[in-house]
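Comments concern the structure below.
Lettered A, B, C and D in written order, each chain numbered from 1.
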Amino acid sequence: MAKRIPVAILGASGYTGAELVRLLSNHPHAEIISLAAETNAGKEMAEVYPHLRALDLPRIVALPEVKWNEIQAVFCCLPHGASQEIIAQLPRNVRIIDLSADFRIYDSATYEKWYGHPHMALGLQKEAVYGLSEIYRAAIKNARLVANPGCYPTSALLPLVPLMNSGKISLDGIIIDAKSGVTGAGRKALQENLFAEINEDVRAYSVGGHRHVAEIEQTLSATALGTKVMVTFTPQVVPMNRGILSTIYLKMVPGVAATELREILELQYENEPFVKIMPPGHAPSTREVRGANHCFINVFEDRAPGRAIIVSVIDNLVKGASGQAVQNFNIMFGFPEDTGLNQVAVFP
Amino acid sequence: MAKRIPVAILGASGYTGAELVRLLSNHPHAEIISLAAETNAGKEMAEVYPHLRALDLPRIVALPEVKWNEIQAVFCCLPHGASQEIIAQLPRNVRIIDLSADFRIYDSATYEKWYGHPHMALGLQKEAVYGLSEIYRAAIKNARLVANPGCYPTSALLPLVPLMNSGKISLDGIIIDAKSGVTGAGRKALQENLFAEINEDVRAYSVGGHRHVAEIEQTLSATALGTKVMVTFTPQVVPMNRGILSTIYLKMVPGVAATELREILELQYENEPFVKIMPPGHAPSTREVRGANHCFINVFEDRAPGRAIIVSVIDNLVKGASGQAVQNFNIMFGFPEDTGLNQVAVFP
Amino acid sequence: MAKRIPVAILGASGYTGAELVRLLSNHPHAEIISLAAETNAGKEMAEVYPHLRALDLPRIVALPEVKWNEIQAVFCCLPHGASQEIIAQLPRNVRIIDLSADFRIYDSATYEKWYGHPHMALGLQKEAVYGLSEIYRAAIKNARLVANPGCYPTSALLPLVPLMNSGKISLDGIIIDAKSGVTGAGRKALQENLFAEINEDVRAYSVGGHRHVAEIEQTLSATALGTKVMVTFTPQVVPMNRGILSTIYLKMVPGVAATELREILELQYENEPFVKIMPPGHAPSTREVRGANHCFINVFEDRAPGRAIIVSVIDNLVKGASGQAVQNFNIMFGFPEDTGLNQVAVFP
Amino acid sequence: MAKRIPVAILGASGYTGAELVRLLSNHPHAEIISLAAETNAGKEMAEVYPHLRALDLPRIVALPEVKWNEIQAVFCCLPHGASQEIIAQLPRNVRIIDLSADFRIYDSATYEKWYGHPHMALGLQKEAVYGLSEIYRAAIKNARLVANPGCYPTSALLPLVPLMNSGKISLDGIIIDAKSGVTGAGRKALQENLFAEINEDVRAYSVGGHRHVAEIEQTLSATALGTKVMVTFTPQVVPMNRGILSTIYLKMVPGVAATELREILELQYENEPFVKIMPPGHAPSTREVRGANHCFINVFEDRAPGRAIIVSVIDNLVKGASGQAVQNFNIMFGFPEDTGLNQVAVFP
């Protein structure tokens, strides 16, 4: 039998924790040794998530009860803020994939501005590698601490980074209009996320200033070799559980056609198992990636001259969170990148 | 008892026809004399729409059976193309509110380009008044033929026309990213609109070139006193029955702040019963206008300097179709504009 | 102008409170003088329910601030338990429609068994009239305190009471399998009612013992002239906001056919504005009554000899709560029973 | 590498065909050699089902083009009626799992009564084995032709067969009230299944007489050793894609308690990978089995003496169709029964 890496999931009782259990339970080289959570410590996972009842899982424990000497890798699904404190205390030999925002922002002032408090593990922050798998896999491979990207940034950066690298698009005036299912908000009991409030509704939130722009702009600015890139980003919630569709509006460098952008992306991702460029004219939609680790992308010529429109879709809980986390785990431990991630999208 | 205008609804078996029945059944000055439809002629309305069973309605007849001598006003809900042929044959004393796109475009070449066939009632096309009630009510008042606006254009033009009039926004680079419920596609049995295909999905369509841009650009260009305005418009379908949320991205003239735009709109609409500017910071959502003839709007400052973001919501079947049609009927016949339109939004 | 009864709504920030505002805002003989609530006291109603923004409503006050000397009728939407304490303190000249369960059960032991605490207003409990409008309108007319029925009981009792009165159905073996939208659970922030938990799910709850059986059995037993009737009742939540569909399984007295049951109901309700018996073979569904005060019913012959199946649908927030409350208000104050209740169902 | 059985899927462009592709694409011992369909012949599967784009699949061919000499097993997803004609012509060495209703009913008169036409492959009908895996696996093992059960019957029979075998429940008065997602109706473009018609609706259909009762009664009567069992069955559509929840009302033999029924089921299924009896008091819901081949069951004591209530949930496309088909394939070819079926439920 294949060797299995013993792993822990911290914050196992949130949606991304449960999704990690779903994905890892079919992973031939990972074994879930510990599930830890705060409020649900002491419970069976099946009490918290009845859909996992048929699996043989360890009982949920409190964080201090995790036996770190048995663990080689940890998926950290704790809330922003809590994550950095816990991670700072982990043994140095444990490799970490952090799904919170805590180690995504390299500049501590920027972190503090968007997250409202000073960073409490500045040393680690420097060490963290931004885990956008297809773009940074070389650095991820050797990282001890991977900051798993946010869901919105993943959907936007996978098309934008190669295009910016190509020099064919304008650095300014990029607009990202994103539509997300409601699981992005987590399992916390909030009135605004009750079924009766979300159903038959579309709403925009954090208009003109959502935290995820920090992450997007940091990556795009780095891609632009230091030129500060600023984007307009509007997140919207639509009545579905899973999925993000980002519609991205771009200006092209004079003389460039949208078909060229499509070709650049096709070339960039032609051997990738998870990122697929659609045939010309087909606009991907979120149902096509539901439950799978895919990002489906296409590029369209706008009627307005010199402008292009990109449509990019992911499942926010998979490629936008737990799936990309497993992909990073595979990179870090030298497994083929799609190990345990061959789930076909669940449609209808 | 108040005098009632005898009206006919052509194309009564589509969603906008049924919605007109809902609205007019509580209108004190309209009486539905004829319901006409092609495939459902001969049926009771309750067979086609069981939710209307408790109403006392005439049986559906075929179009040639409508007794035009009894009718003073007609709501025409026929498909694009069919509408112009029928309307060309109506008696001159019948006043018409056409919910199709047939008389919205003044330029026949533009019509032909977007709708794929030459216009067959060019004379009437000149006579038609574009029925965006709050903007063109003076012309609507005396019109024989009102071209009721499309749902997407209504949501976009109500904020954009006054802002363009103000001279505070740039004429170029306007981007309208719209999210619509599925009733905009009508009741035709299409595989792509089955529940299992729409549920848990967000999809973009006609990316880079949807017919409604013709209508939007015609109105904005007229507002700009002839300068040709071009917009970027992306429609998207989200899993809900009713509602459109348009997110509009604008550049402001240098030195203008987004708060000024908000004030312009507030001033423009302060006495309007149906268009409401939200308090600063509140992003309206579609559930707030579900079933009502409202358009709720707000303006936000973008982080990118000199840019503003507008969020505008309507119910596509009410203010985006049948409600605005009744509003235009009220204008044409001299009734207070909100007569029969005092439905409160149905939430949750 | 018509005289308007000054009314108060206690518990205005719940779903049934907001629905009362929607219905009463178009009622020609009611005027909302006070909106009271606990946690939202001090706020504008539009802050709590943005869909009511276009209405001119009083600011929400705390319960002690209601000026009772100005009020003639109160709609009480407080939680079970809280209701009885507040109502016991109201001035005797105020007439009360209580939407909680507090005064529905006449037997104090039965109340205590199902609601877990002794009743604290036993005197009033005797005085209360069960507000199933079509059945008890004579008593409702003169009542000071009307106990508005539960949503499940309304959907089940409207068909069952006349059938039991007819002597054509067996008193035992009645099974009510009910499917409800999620607004029946109120607006409280509960994890189990988050969108992502309810969407794409059907769940049964309180299987074998839901509180509403007390109310159903009390009414059926009274109808059976004291013979104790016991029913099987299973409530289920389906992913929609509004609506209850009750499927009721009956045994008929030997020799009776299901068509006879249908005729009994047709005769019983032929002049009722809100209760409609469907044409033979048509199974009503919840979309047909969405937003309206209707109860649509039909009776079907089962294949199993001697058995019939009834399908009964209501909107839980209208005929199942606030609509029936307004209907009872109309009965109590001598207005035509459908005053302010002519909303047509909102479909699609 | 493990030996793979070459398989064909006929009717590949329906939902059950696409679901078979999803499940078989991760099956180590099956290889999809042919995908056949009528209307979509000539297309890539990704054109018909974009969510399958990342898979390497054969192009869809017309039925006559399938190379039967290369095929050892066929999954037949053709419509009722068409299936029997095609299957009658297949080579004798090909083993067949038929997902239609064509070979589920052994009595040809019963078939003709419910399906409206004489059976056209009577010889094969006798040969067919009813593929309720957990109950008939011994016969399935050696069958050439397996009639895969209907979705409603699967959810009802898995609890009912062992209970009937136990002699603890009454043979008469069984009532099955089932709630289904809309995919059970297939992908055909029907107005009644449009999103806007299904959303915010619950509807009953075929009340008092749905085809699936034939299948349920045949199996229960066989279990009752020939005593003719008659059931009451009401199917209902709820607004979700996948899932069936069956609420089953039973009378117990005098002296029996519901806990005994639960124990019987627990004993019956204790070693089964897919059928799970829930802990006492937990009512399973459809989200717990979404996308997985599970059937989750529990038994409840009713308040009415001597009565029990069973709640049983499956995913109609998995255990109710394609998943059980793969399970039967595993049984027929001697693979462990859960091969390729270890998908964890996708929640939320």
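What we mean here is this: a residue touches a chain if its C-beta (ideal position, glycine included) is under 8 Å from a C-beta of that chain, and two chains touch if they have at least 3 such contacts.
Note that the coordinates shown come from a computational prediction; the quantities given were computed from them, not determined experimentally.
Comparing chain pairs B-C and A-C, the larger number of C-beta contacts belongs to B-C.
Among the remaining chains, the Cα-based centre furthest from that of chain A is the centre of C. For the pair chain A and chain B, the distance between mean C-alpha positions equals 39 Å. Computed centre separation for the pair chain B/chain C is 36 angstrom, with centres defined by C-alpha atoms.
Centres computed as Cα averages put chain A at a distance of 46 Å from chain C. Along chain A, residues 15, 181, 183, 196-197, 199-200, 239-242, 285, 287, 290, 348 each make contact with two or more other chains. Residue ranges of chain B in contact with chain D, taken from their complex: 15, 181-183, 187-191, 193-200, 239-241.
By the touch criterion given at the top, residues 172-173, 175, 177, 179, 181, 196-197, 199-205, 207-209, 213, 230-232, 234, 236, 238-243, 245, 247, 249, 283, 285-287, 290, 300-304, 307, 309, 311, 313, 348 of chain D touch chain C in their complex. Chain contact summary for the complex, chain D toward chain A: residues 15, 18, 21-22, 25-26, 49-55, 183, 199-200, 241-242, 273-274, 276, 278, 282, 284-285, 287-292, 294, 296, 342-348.
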